[in-house]
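One chain, chain A, appears in both complexes that follow, with chain B as partner in the first and chain C in the second.
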Partner chain A sequence: MKSEVKFIAFKRSFVASLLTTAAAVAVASCSQATSERVAKAPAVKSAQVANYQGTIARVRRMTPEQYHNTVAYIFGADIDVGSPFAPLRRTDGLLASGAASVGVTTGELQQLQRSASSIAAQVIDKGSLDQHTPSRRDFLVPCKPVDENAADDACATKFVKEVGRLLYRRPLSEARVAEFVSDARKGANDLKNFYAGIAGVVEGMLLDPKVLLIADTTEPDPEHPGRRRLDAYSLASRLSFFLWDAAPDDQLIKDAESGLLFTAKGRAKVVDRMLASPRIEQGTRAFFDDMFGFEDFGNLAKDASVYPVMTGATIKDAREQTMRTVVDHLLTRNQDYRDLYTTRKTFMSPALATVYQVPTKPGWVPYEFPADSPRIGLLTQISYLSLHAHPARSSPTYRGKALRERLLCQKVPPPPANVDFSILENPNPLLKTARQRLEAHRANPVCAGCHKITDPMGLALENFDGAGRFRAQEKGADIDASGSLDGKEFTNVVGLGQAMHDHPQLTSCLVRRVYSYATGGPLSSADDGAITALNAAFGQAGYRYPALLRMIATSDAFYEIVEPAGETKAAQNSVSGQSETTAVTK
Partner chain B sequence: MKNLIQKTAFAAVVMGGFGMATTVASADEAVPGLQNRTIGYVLTSANWGLYQTPDGKQECPDGFNEGPREQFKALYPNLGTVDGTQLERESASRYPMDKADNFPYHDVKGKIGIGLNLDGKVGENDFTSTDGEKGIDNNLYRAIGCTRLFRAPDGTYANFTDLWVREMNFNRVLVELTNVDSLTNDPAVDVTIYRGRDKLMTDATGANIMPGGSNRVDYRFGKNFITHMKGKIENGVLTTEAADVHWPWAVFLGRPGAYDFKGARFKLALTGDKAQGLMGGYSDIDTWYMQLVRSWSTHHSSYGGLSQPSFYRALHRLADGYPGPDGKMTAISSVLNIKMVQIFIEHEGQKVAAASDAKAKAAH
Partner chain C sequence: MKDITRRRILRGVVDGSKVTVALPFLNAFLNGNGTALADGAPLPVRFGTWAWGLGMNEKIFVPKTKGADWELPEEIESLKNVKKHINLYTRFNGFRDAAPNLCHKTGWVISRAGIAPMNQTDYPGETIDISIAKKIAGPTRFSVLTTTATGNIRDSFSYENANSMSIADYSPILFYTKLFGEDFQDPNAKEFKPNPRVMVRKSVLSGIMDSAKDLQGTVGAEDKQRLDQYFTGLRELERQFDQQLQKPEPRAACVVGKSPKDEPQAGLDYKLVGKRHEMMTDLLVMAITCDQSRVFNMAYSQSAAATSKTGYDKPHHTASHEEPVDFDLGYQPQVSWFIRRSMESWAYFVEAFAKQKEGDGTLLDNVLIYATTDQSLARIHSIDNQPMFTAGRAGGKIKTGLHVVGDGTPGTRLGYTAMKVMGLDVSGWGTQSNATQKEIGEIIA
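Let's turn to the complex of A and B:
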């Protein structure tokens, strides 16, 4: 009991010391990153660079998935991380971009502390035969202390160096290692347990802003005098969070150490290794889950009396089906991105098959809808149809809005505050189909403006109810699924799929989103050149997604740093030089 | 397109005494489950066909049967040793003919019953269905209808059997109709009973089994449950010729077992989503009794007023079909009320059919 109290006191004191510096470091990182970006005006050396200059340096918070994936890589996938993060605010179409402008509340900090404490306890867990749990300490701590009941600086140093390098995404300075070893020693001596000291260090590391925040640190670019670039470790982090949705692995940090990332050939080799890794699926899933707004599945509920087929398993599998389709189409088969909206190939599970009304087998199996099926592309999958619908009815408006905003990067204005929804929510029974009800609703000119933007393509999906099940009729009336999309007319959902496939903004939207995701924040006019160049290159590559990833990841712009528009003057007043993180590690 | 769209029109049909009205569907509604002239159904509920009045006085004017507790009290008013009382009486369930049983047994005495005319005759003791069909053969009802254990909703038998049907994969009965041109009228269809391998899926309410699932045929351990029948569909009602059926019936704790029906046949109202009706036949009485005594312990029997030794005698007394070499009847006419939902039946070794939404095709 006594030792437990001591342990808690030790943890509190250690964590408090870290938290005290946390805010300061975060602020320092931000301001110094800004100062780094603007230290010197970028020089234009070639036409390519002129069009495709670079990105601004940012500080962003790890997303929950990135934190989870990082912990899983370092300590094992069986570590229970919990849910310590508050939700991110969708910014410029992506949650990931919201991570670049997010604060950490006191409540969230408490959650993070609990999570860190729990993870640390799991890392040093000695296991239990009775509970069939493994001794994690035996394989996560790379050495055995001479005496388990006492401090062991040599072993602690080995652990701190190995784990710290992965968590901080760069080697720790000798001074920092010494600090951690000292903390571990104090904890071990106070608690008479080597592993208790290690746990305190792990908890402290996990709470360190330098771990939780992904700060772009910059340095002068010797290839382009007068300009700045990401330092090798920040570049490694940017690559890893972009492609794998996790912190760099051991090899990538070695590549950063070796200078490989700063030669075009070396960077291409590194990127190719990352693209060939199975972890690219994790990164691809993370991006598309974000772009498609699939976090909304967490709140999706359907009226069981109206859609009894829509079970919890159906909802879970609907999300997974789309992710499997995306991964298979874009990565496994390396197909044209546009074909995702016309493909009939997907995967089927028993829970989904009841909605699609097709036979299947247990588990996930590849499935292809016949050529004459109305199931064509992602828009006709249950995920899209059910996510963009009401709990008890379909919604052409939601579906059209999502199509424009999520997939074409267009903006649909919100409804006016005084809009009258009564025609839709308490409709005239003679108005049997959604088309009829919306026509009546659009009779109000206040409503007509926006609905003209969303409804013509949303109505093409009316053959699918709010659960995504096919229907030829609504309340006994035949459904007219004709529509149009930006000047292209069609008679049914097959035409909509083709119109999406051919829409020029379909691919340019993907480019925008991927580039934004890759560089860690919303785009600005400074990125226009890059986007233009990438759009052209993406087309030349046959709209292959891996090619787009490679283009971005191997480009100079990916590590070149430019000043954000409008910040030049303010930044000129700040001090230029190496960022705090860079200074520590070099 | 037309060959894939089966137009169905279901007349309201009332079958037997169960008051089984079929769904009336639009004549233009396609049937997604009917693909390649085949439609499958999976069993979701099975209960022995009992016609019940609210207080039971009509069919059981002499009251309900007494169970183990009442009989024990009568047999051993002064109690005695365990082996001389409790063990002696319990062994009577397994060896019912070892000692005389003089307790009265109340048969059903009503005239109305649920079932099928299995022998094609209208006999003096036959029941009349609630819709007036005469010649209904269901002597099992006569044997169990005045025993509370079997009566719904309070008897535990009905409750448990539905639970077993849904939750035990061993009891996964699949019925596949092939060569189907119409679910409304088709003079010749083939009907096959299989045992399936997979779980059933409940809907979002948690109360109902969803139609539209898939289930694989158990060709490995389920071969002896496969039965082929010829049938026809008239006004949305399937009737089949008679065949001997081995019907899976696992009980408490998943212990496998079966009922053996001789001359069994279906009468089912069909829709694209479900099939509901009767499966009648002559149940082998020894199998039936063994199924009962191996699964219903004394406490269940006590709650339900079931004396197994007394019931054994009633079963043999009321058996009315398939005489053995000694001239004694070996089977008793019976009927199961069954409910099924549409399911895609997967045959081992076959690829998943590349089927699409049949309804969808109507629109394209």
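Let's turn to the complex of A and C:
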């Protein structure tokens, strides 16, 4: 079996080398720095964050990215997965947390079936010399059938065991293997083709709720009698989806099999390997893309008559620029999270350089804005400025709202339903700037309440228009970019960046979001103790992101299971024959 | 087969632009009077919805008279060509009771689910299209087809339950592939041979269903409901596979055009939205004609419509709150401009069904389309007097060409009427003040 796994891994990597993508290169480029990062990460004793309870067992639907990453790991990055999933509902600040409550609709399952069918067809594709496509079946099926036009139980068994183990994130039972081999045999006989039988099995596996749903399975915790913990495979899955945004790799499943995950030392070793892997970049990107609400880029468009510089390439690169900045700052250079809001270091592409009005070279290159530039931190990047604006103008209110909700975990109340805004829209041409217009708006006490929450910091970004271009004036009037944030006054966007840097909720918000993301669902008051402990430990670690990941992933609470407060559960999730099932009633 | 004596026109989509394709009408598929299939089965009656955002300007939207004799006010004058096919419903109300007025949500949720939601993030529960699909989807491939003209998968007004939004098909190319890709069985094909791949799929699926049951038995009560839903979906897939193994009923008017070559450009400029709406509508009409589904949804916009216009700095929703009222006109001119664009697309939608021949009449004769919005006057988020439309005669069960005035009665009466017309065995619809047991009698034929 071991040699077979190596074989398939070798073949997978071979395919990947043939089909190298830019993303793969980008990921690989940071691997060495990642190793250094882990070595430099301040040691944080798990005891510091162990004095709180665990989390509840959840059933999560895979996110589209997790599904895509999992398929890419098992079958190769060039497999076209399509878009078979329904969108998730943002819950407690994260789309990923919405996965803990979303159902799978009939229509969605039909889409998933079509996607599964397409993936299966690609897996057994025999390639084409004319089209210069490789024969995937030669690399992804670990053996050759004796006769390609007939069933071959021995070869099918090898395939089912290897692929099933990775897709189901645990070894398949012998009975389940036999069922799939039987399906492969029937398919091969009916279709007179061994690979067609294999395709049928792959398609079926990809529709199995045990694959598409990440169901936490639990077992009694021998170290804490009366309590339960995740079983080793569920713990491996939780780690992997948290840190890599994908299902566990072969080694992690082996670690689960060996019991390594249930010793503090072993778990630390495993987590350090995962943090050192290039795949940590994939996980980090997924988390921040979610936290920043970057899914909205999928439908971002600007009025071309007002912002002709904002092309599709600009919008795509704006998102990528922020992701590169985050990865470089937090992972490659292992810097203080707070400095993301004051750093002038970033990366530049030709499409973005047009908007920033700076010189650059072809491709992505590191770039640092000068010390006297108003470009300081993530808030002054095109991604934030254009995403939180109208198609043809800026929006201090949208920008302020996003700052509070996305980055500080605060809640901005919705506008009252019965306010007539239009009577406040003064067509007086003397009101040239957004500040002047919003001051008129805030004259209404009903509006003033919410706008006082969003506008003072949003107005500090008014030197940037709806596309993120710098401007000193609006309609010929000088822009006043002064503002305040929760008691801190500033005169311009540099002051806003520093105020964000120093805001205590900047780091506590990150802790909340990361912990929620790690444990697979929205937080509750039961998590308060964990959040408090993590906040303190994060500070002691110098607000280094890898250290935060490590302290969460190695903590006892990460795998200990508690009952949902005030709820009755018929049973803890468990897998028949593998973990004990108990009825717990509160 | 009888001689081909008539011809019918089907609008197709080629390279993203409309073309007309002449096709023979095969009398052999129908009975003598063209109201039923040759085997005596009546032509199926279908149900659809259409949604637009941000309501109306009452002064220029609501006709001055009711009944069959009414003039189209200027905001809906684009409906001139389809007036005879539609009904306009005004002065019906949605009731919040103790729930808050959730901007751009309360209104449409009442119209689609019969309840006033309590907060912005809650999903509404089962919407009317899903309820009706459970009754009429029959042997079709897709129980419901949900589409949007915005290009955003999230812009859907269809929900299976409080946890599950129906995916909106947003890409004409992907939608074409879904409908008419390799799993499509031409109902008019001369020969039928069951696809052995489908038999293999079905065989594997039974093991997956066992796996679902196994998992279902190990999770808590809340997750068990989600697994129930998953299991239902698998059963539906199984039914679909069974159906694919049967020879489909011939559909004379079913002629599939070519796939669009290019996607419409991303963006919400009204021209782009209008183009996407046309392409998705044409595909939808083709899908319904070919009996791939009997329930369908189209969202012209999200509820707080973000449709924009090049050179005007406010998208529709922003304009609804910021554009000054023109005191001479008595309304916000730019906001009305956006609503008029919505109505043009509504007219296109109805006309697309009306142009599609079926039997001795048109596809629209055998369809009921229910069109709703989220507000009446969006400027102040009012949900009183939200306008609604229907289009089509539902197989002769609905009168058309009427302006129906509700006099403040629940708007849910229209949804309830639609359910009864579609054959649902329900004694009422809606909750609290939106609960109704009274159909809108004026429209029943």
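General observations
Rule of thumb we're sticking to: the second predicted complex is superposed on the first by the 510 of 586 C-alpha atoms of A that agree within 3 Å, B and C clash if a C-alpha of one lies under 4 Å from a C-alpha of the other, contacts with A are read in each partner's own complex, and residues count from 1 in each chain.
The rule we apply is simple: a contact is a pair of C-beta atoms (placed from the backbone, for glycine too) under 8 Å apart; a residue touches a chain by one contact, two chains touch by 3 or more.
Treat the numbers as computed from the prediction; the structure is a model and nothing was measured.
Of the two partner chains placed by superposition, only chain B is touched by A:E368; chain C is not. In the superposition on chain A, A:E179 makes contact with chain C only, while chain B stays out of contact range. Contact with chain C, but none with chain B, is seen for A:P391 once the two complexes are overlaid on the shared chain. Touch criterion met: A:R471 reaches chain B, while chain C stays clear of it. Contacts of A:A481 after superposition: chain B is touched, whereas chain C is not reached. In the superposition on chain A, A:S305 contacts both chain B and chain C. In the superposed model, A:A318 lies in contact with neither chain B nor chain C.
When both complexes are overlaid on chain A, the residue A:Q111 reaches chain C alone and has no touch with chain B. On chain A, the patch touched by chain B and the patch touched by chain C overlap at residues 304-305, 312. Within the complex formed with chain B, the residues of chain A that make contact are 302, 304-305, 307-313, 348, 350-351, 353-362, 365, 367-370, 372-375, 463, 470-472, 476, 479, 481, 492, 494. Every residue of chain A that touches chain C in the complex is listed here, in rising order: 57-59, 82-83, 85-87, 89-91, 101-111, 113-114, 117, 176, 179-180, 183, 186-187, 190-191, 196-197, 200-201, 203-204, 207-210, 213, 215, 217, 298-299, 301, 303-306, 312, 390-393, 414-415, 417-423, 425, 427, 564, 567-576, 581.
Against chain A, the residues of chain C that register as touching in their complex are 100-103, 120-121, 123, 142-144, 146, 150-154, 160-161, 163-167, 174, 178, 181, 183, 196-197, 199-201, 203-205, 207-208, 211-212, 214-215, 217-227, 229-230, 232-234, 236-237, 240, 266-269, 308, 310-315, 318, 321-325, 332, 379-382. Listing the residues of chain B that touch chain A in their complex gives 26, 30, 32-33, 35, 198, 201-205, 208, 210-214, 216, 344-346, 352-364.
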